[in-house]
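For reference, chains read A, B, C, D, E and F in written order, and residue numbers begin at 1 within each chain.
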Amino acid sequence: MPYVNVKVTRNGVTREIKQKIIADITDSLVKHLDKKPEHIHIVIDEIDEDNWGFAGELTTDYRKRT
Amino acid sequence: MPYVNVKVTRNGVTREIKQKIIADITDSLVKHLDKKPEHIHIVIDEIDEDNWGFAGELTTDYRKRT
Amino acid sequence: MPYVNVKVTRNGVTREIKQKIIADITDSLVKHLDKKPEHIHIVIDEIDEDNWGFAGELTTDYRKRT
Amino acid sequence: MPYVNVKVTRNGVTREIKQKIIADITDSLVKHLDKKPEHIHIVIDEIDEDNWGFAGELTTDYRKRT
Amino acid sequence: MPYVNVKVTRNGVTREIKQKIIADITDSLVKHLDKKPEHIHIVIDEIDEDNWGFAGELTTDYRKRT
Amino acid sequence: MPYVNVKVTRNGVTREIKQKIIADITDSLVKHLDKKPEHIHIVIDEIDEDNWGFAGELTTDYRKRT
């Protein structure tokens, strides 16, 4: 009975991309753990880059520098 | 010192419903675990149906089919 | 399609208590949000008191003082 | 900069299975979101069946009945 | 390889405050656990006060009373 | 009313280190967000290196190679 939470920064995550990521993760859990698809829930959280800290700074600041 | 996170799809979750769910969960933890109400925090995350994967597809796609 | 995560300190959380908390939370979500029980997953994490910080100190230290 | 948390019940999740699930999820995020592998962190939580509630009961009770 | 999730109520959490919190938490993990900054990811979730339950009621109701 | 979850790999995280990390994070939230310490809960999850995926492989495999 898996539950998966995916956190990504919010840029360019289209509906089609979400469909593919959810299909891929579900397939992987069905294949390797023999889980039933209807027991697999996946929540995708899209996070503003100002709310994601990486290497000690906001992702927005990090991207400006690099 | 419980912390509870409730994730639900975002449709029809009114303020009154949130009040009732928070009261019910708090009551249950006070009753069965003898916790103090002021040590109980509950966060409700309302998730867009396009961000909730179920049985390998987006909940929006699943609901259209069923 | 709710998912609930309950975090509590690990002391005296018996199997019977887990059954009651899971039944209570499921009932609440079924009643107020009209969810199907088989779409409700609840994970209980029991946390060592040395790993739970409260008011700036470990719960074990806090309990000794109060 | 994705972070993924996978929660599964603790039974038969070998090291090899973890390697495959982590490779699959990483590949999916690299392919569809163009993420760098070294920015992808995945945490697998193995949950005792007595701590996973499904359809209003403990998974251990549910499995006994079905 | 730490991952940190900070949940706060959404009021007055400016960009500057986020920068400071992320810097502080990163510094603490680097100093005490000898982690590399580029392995530390921190996600800040700002929660509506209507979605945060405290002591059995919504934070908005609690603040009105106190 | 902040809640913080820190996930780190399980190696060398002593009780003293936990005390310092919890004190640091609490201080930061009190200072920058004017929160009351008794409203701040912090949970530290120590994760086995076999359960933490980084850059597409288990942390145990990654460390062997690097």
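Quick note on the criterion: contacts are C-beta pairs under 8 Å (C-beta built on N, C-alpha and C of every residue); 3 or more make two chains touch, one makes a residue touch a chain.
Keep in mind that what you see is a predicted model, and the values were worked out from it rather than measured.
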item	value
Duplicate of the A-D contact set - from A-C, E-F or B-F, the pair where over half of the pairs recur	E-F
Centre distance in Å when chain B and chain C are each reduced to the mean of their C-alpha atoms	13
Chain centre separation in whole Å, for chain E relative to chain C (CA means)	21
Overlap residues in chain F, where contacts from two or more other chains coincide	1, 3-4, 7, 21, 25, 27, 41, 43, 52, 54
Those chain pairs that satisfy the touch definition	A-B, A-C, A-D, A-E, B-C, B-E, B-F, C-D, C-F, D-E, D-F, E-F
Residue numbers on chain E that touch chain A, as the complex places them	4, 15, 18-19, 21-23, 25-27, 30, 37-38, 40-46
Complex interface listing, chain B residues touching chain A	7, 47, 50-58, 61
For the chain A and chain D complex, residues of the former touching the latter	1-9, 12-13, 17, 20-21, 24-25, 27-29, 32-33, 35, 39, 52, 54, 59
Of all residues in chain F, those that touch chain B in their complex	1, 3, 41, 43
